[in-house]
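Letters A, B, C, D and E mark the chains in the order given here, with residues in each chain numbered from 1 onward.
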């Protein structure tokens, strides 16, 4: 069957939910970050797919570039925080980092 | 061109499979490897979507930068005695339900919305075009990106240095 | 002429003002001041009278002057003085008697703690009486009418420490006021139709037929109500006998000569107003009053009360005179009666002064003790009884003649003449009863008899002067000429009341002669009866008294009028007030209390509600919030990922909702 | 590679009857196989050369003995078959995997490293048409591919559960990573000059004799860029003065301490292939690629390939030369050179070249 | 364009296959007699003791962080470089701004000492200072 926009969007959706699942369930902070990266990738696939199928010029791709750049910056800072977390809690299991419990 | 269809399915399978490994595997490093192949798969998808520059950027930054960073993060934050680091996961059932729901929602919207397809971008190099666009139309985001990077650099360095 | 009138009017007022404010500090407490003022006024009134007589023209207006009094809206109320023959006579009479009473009071009131105030009140009374006589419009007459009432109240209640005096004062004032209400209503009717208070204006209006007959009669009767109240006519006569509580000179001045005569003067002044029915009404009232008062006088023991009832009776006479068309007769009787009644009262005053008691039982045989008083008293009594040579005879005879004439003209009205004749006889009887009981016979109380002595000159001089005037300087002819009956014709009325137009036709003449003869007969028989009962003691008063017990009680109790009034009006008012009190107490208080209770009830209900419902609600809300808070707290596990899960769940829910 | 083309066309004819797409796939696989074979051979030659050159530098002979009985090859002498013998030995050698090691990752590491290295070759132009995949983003792709190698190294270090290997891996990763920045920046100058990422275009821009070579453009800056790139690429190969991680005297053998047998061979092969890759890259970027130094002369026929390999071997010779002359650099000095020397130089070169071009 | 990428893909796959072939080949041929000592982690011959706990050190992370940020900068630089000539001065100035900002970052990191590999915070221990005699000797040599 001719691979159309919906296929790419479906793929992105699947990736998105997998990333989301990782973020929601994984205890290890780094895995959560990986999940986040996966989610961002899914978003990027959508962008590029739209760029190709819908407005057929490069805006989508440029936005994808910016998303990647932002993701990089985010990952950097996030990891710094995680390492700090490790420094304080001697473990990066998120369920232990619940000092803000109500 | 059934060749690209096959390629799409191959890459899709690769990506989803490796993403699955990343999500469901308990060992963090295996997740990282899974993530590596997921990124590689996504790069392949970009190639199929006629975005060659983005594919390379994807590999360069995600694989060459973020993944390395994550691996470093993993390495630095583990007691090396237990090599295979167990990462339990929690609240599985509710998560499955909710994420399933979100997936359903997304798929539903995708299938239901009438996309206005306007032909497809032909396969031809995009680097020059992106360069030109970057310098003209997207100048402001470009400069802001630099400030963002600066902030991230200083921020992360500061946080890292604190301990 | 006008300046004299104004002076006459203002002199007593000035005296009153000076007396009332500086009275005590003046030498002899200022009695000489008011008496002097009155004598000057008398002298001036005399000059005006001389002018009137010298011109000898009937109903001639000597002078008139009007001032702008006040104006409201389009109506300009003027105030003026008019002097014609009638006013001249009245001025003379009032000033004369007032002056004499002032003179007499110096002796009588000697040593009284409020000596100066007494003279002040006399001044006020004289001023108001003169004003009443001089004024030329209804409003003015009403004002002075009230002033006269006020001064009579002050003078009656002069010894206010005595309850009976103050009650009498109040009674007099209230009864007068009842009459005044009628008068006021009449004035208002006239004013509202004619828009002016002046007599001439009103009379011209009436002549022009501005007022329908019914309304005219009503106005006339209502106007006459004022006269009834003031002149103590039939229904409202009860205050005069009680007014005797005041000092005797006061009674003499006010309740004999002047004030009571004001009513008659007012009717005379406004005579043209009265329609035939109104005149008839006046006549009837006059007759009833005359007869009733006369009969009561027979049984009275108190000397002043006898004179009071005789005054009421004589006033009835005057009213009958006017009512039956004998205008000149009525007015003439007024002047003559003023003279000898004042004399009688002053005489009784000197007797009381001597005996210090008003009861005739304590008196007797004072003839020798007080010769001047006795003789002047005797002259006045003869005049009153209508013995021919004296003035009383002429005026009473004229009234009887006009009554007879009226009777002849109006078939079926003869009873007026008959009753009047009878009451004339009774008058003569009780007067002589009085004379015999006081001056003849044995002194009942020895000690009082010895103490009795002739009054000093200041008291006996006025008696003598009045005696002279009572003898009868008046001849019928010139008086009638001066004061003749005015008629609407003077004011351009077309259909003038014609029955007397023919002047002295045969009817009048025959009535005159019959009336003269009958009056003499009746008078003499009355005198004879009195002497037989009291002088020769042939018939014992007591036996007739006991035999006619019911009649005696009736008379003694003054036809139970006081009781009647007490029963009806007073008790009615009391009852009404009690009812109102009760009503007020029960209904209004009830309502108020009810509202109070209602509010109280409502408030505590709302209090309860507030306590239970509102507080309940508030606490409930508090508890709910606390409970919800506790429950929600568990949601915040502190685990970021669970938050994300919840958020996603919400997204799905929203999406689902959005679908349907 | 005319031979290559000829051979290919011959093969193609044979399989003409197959469906068109299958044909292209087959063609590509064939190309890949040829390149892989060439890479392996070149690697072995590289090893041999290194041992011989380093020996002669140290005034010794190097491997001489190993020889074969085959007549022609026998008299080459100089132990030419030494590396061949080593390869065969490694084939037979026991592959020891430490008990606690993570078997799967331990196995996967060499795959990733070698695949990444070989992937680099697909873009290199060996002649006017002779390039496996004429990518428009060729140069950029090469930089990207190097990051795969880093991942491979980290995985190798991590999976062998040996703190020396992990530390070694971390260090070599840090080293490659930190030298990649100056390398990339240096390349910028080239791209700015040529205006395209395609290696073919870059070589075309340098046609016409030695003076046309890119190294001579905008005099000081391009040379500076060349210098920065050359040094950075040395560090990325973990060679010469920067071979801290697997230096013998230091942490044993760096990340491939726990490797032995064929897996170790793969690493070794990857390393030398990478060395050759860098050589070709430098040749194409700065030294005119397959154009002959004498302008059009000797520029046709098989000569382009010859020139490329010659230039590459010259670069390799220099690298080997440097290895046995310069003392090993300490880690902090390593970082210092990377961030505080090369990166600034690269920026200067870029800015300078930029300004020069603007004028 | 697809053809080229396909080529790249085949190269990668073939690389893996090549390694696979060799490894399987060696696995078939190699002698195999596992021995506990052999299988223990290699500690330069000594017995491996203590857990392989690397002194937790942040500088690896910092290096990776800085690398990532500059990598991203390069990603921006490359497309600019390709169209550098056509865009003219304006683009050049923009890029210079971009580069300058990141140089500021580099300067910051440099000044803050994140780039130094060994945080030589340790104060040289006087006891360890070379003895006086030794110092004279070094000076003598130096002169």
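The rule is short, and it goes like this: contacts are C-beta pairs under 8 Å (C-beta built on N, C-alpha and C of every residue); 3 or more make two chains touch, one makes a residue touch a chain.
Note that the structure is a prediction, hence the values are computed from the model and not measured.
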_Smallest count of steps, each to a touching chain, taking chain A to chain D_ = 2
*Which contact partners do chain C and chain D have in common?*
B
*asked:* Need the central chain here, defined by C-alpha centroid distance to the all-chain C-alpha centroid.
replied: A
*Pair joined by the larger number of C-beta contacts - A-B, B-C*: A-B
*Calculate how many whole Å lie between the centre of chain B and the centre of chain E, each centre taken as the average of the chain's C-alpha atoms.*
23
*Just how far, in Å, is the C-alpha centre of chain E from the one of chain D?*
17
*chain B to chain D: how many Å between their CA centres?*
28
*Distance from the mean Cα position of chain E to that of chain C, given in whole angstrom*: 139
*So which bits of chain D are touching at least two other chains?*
100, 135-136, 140-141, 143, 161, 163, 166, 170, 173, 177, 180, 196-197
*asked:* Can you list every residue of chain B that touches 2 or more other chains, as numbers and ranges?
replied: 3-4, 48, 50, 52-53, 57, 60-61, 64-66, 68-69, 72-73, 75-76, 80, 90-91, 95, 98-99, 102, 125, 127-128, 130, 134, 145, 149, 152-153, 156-157, 160, 163
_At least two partner chains per residue is the criterion; list those residues in chain C._
639, 641, 645, 648
*asked:* Taking the top-of-page definition of touch, could you list the pairs of chains it picks out?
replied: A-B, A-C, A-E, B-C, B-D, B-E, D-E
*What residues of chain B sit close enough to touch chain D in their complex?*
2-3, 27, 29-30, 33, 36, 52-53, 56, 59-60, 63-65, 67-68, 71-72, 75, 80, 83-84, 125, 127-128
*In their shared complex, at which residues does chain E touch chain D?*
1, 3-8, 10-16, 18-20, 22-23, 25-27, 29-34, 36, 38-44, 48, 52-54, 60, 63-64, 66-67, 70-71, 74, 77-78, 81-86, 89, 92, 95-96, 99, 103, 106, 110, 115-118
_Residue numbers on chain E that touch chain B, as the complex places them_ = 1-2, 5-6, 9, 51-54, 56-58, 60-62, 64-69, 71-76, 78-83, 86-87, 90-91, 94-95, 97-98, 101-102, 104-105, 108-109, 112, 114
_Complex contacts: residues of chain A adjacent to chain B_ = 1-11, 13-22, 24-28, 30-31, 33-35, 37-38, 41, 44-45, 48-49, 51-59, 61-62, 64-66, 68-77, 79-84, 86-87, 92-93, 95
*For the complex, which residues does chain A have touching chain C?*
20, 23-26, 32, 94-95, 97-102
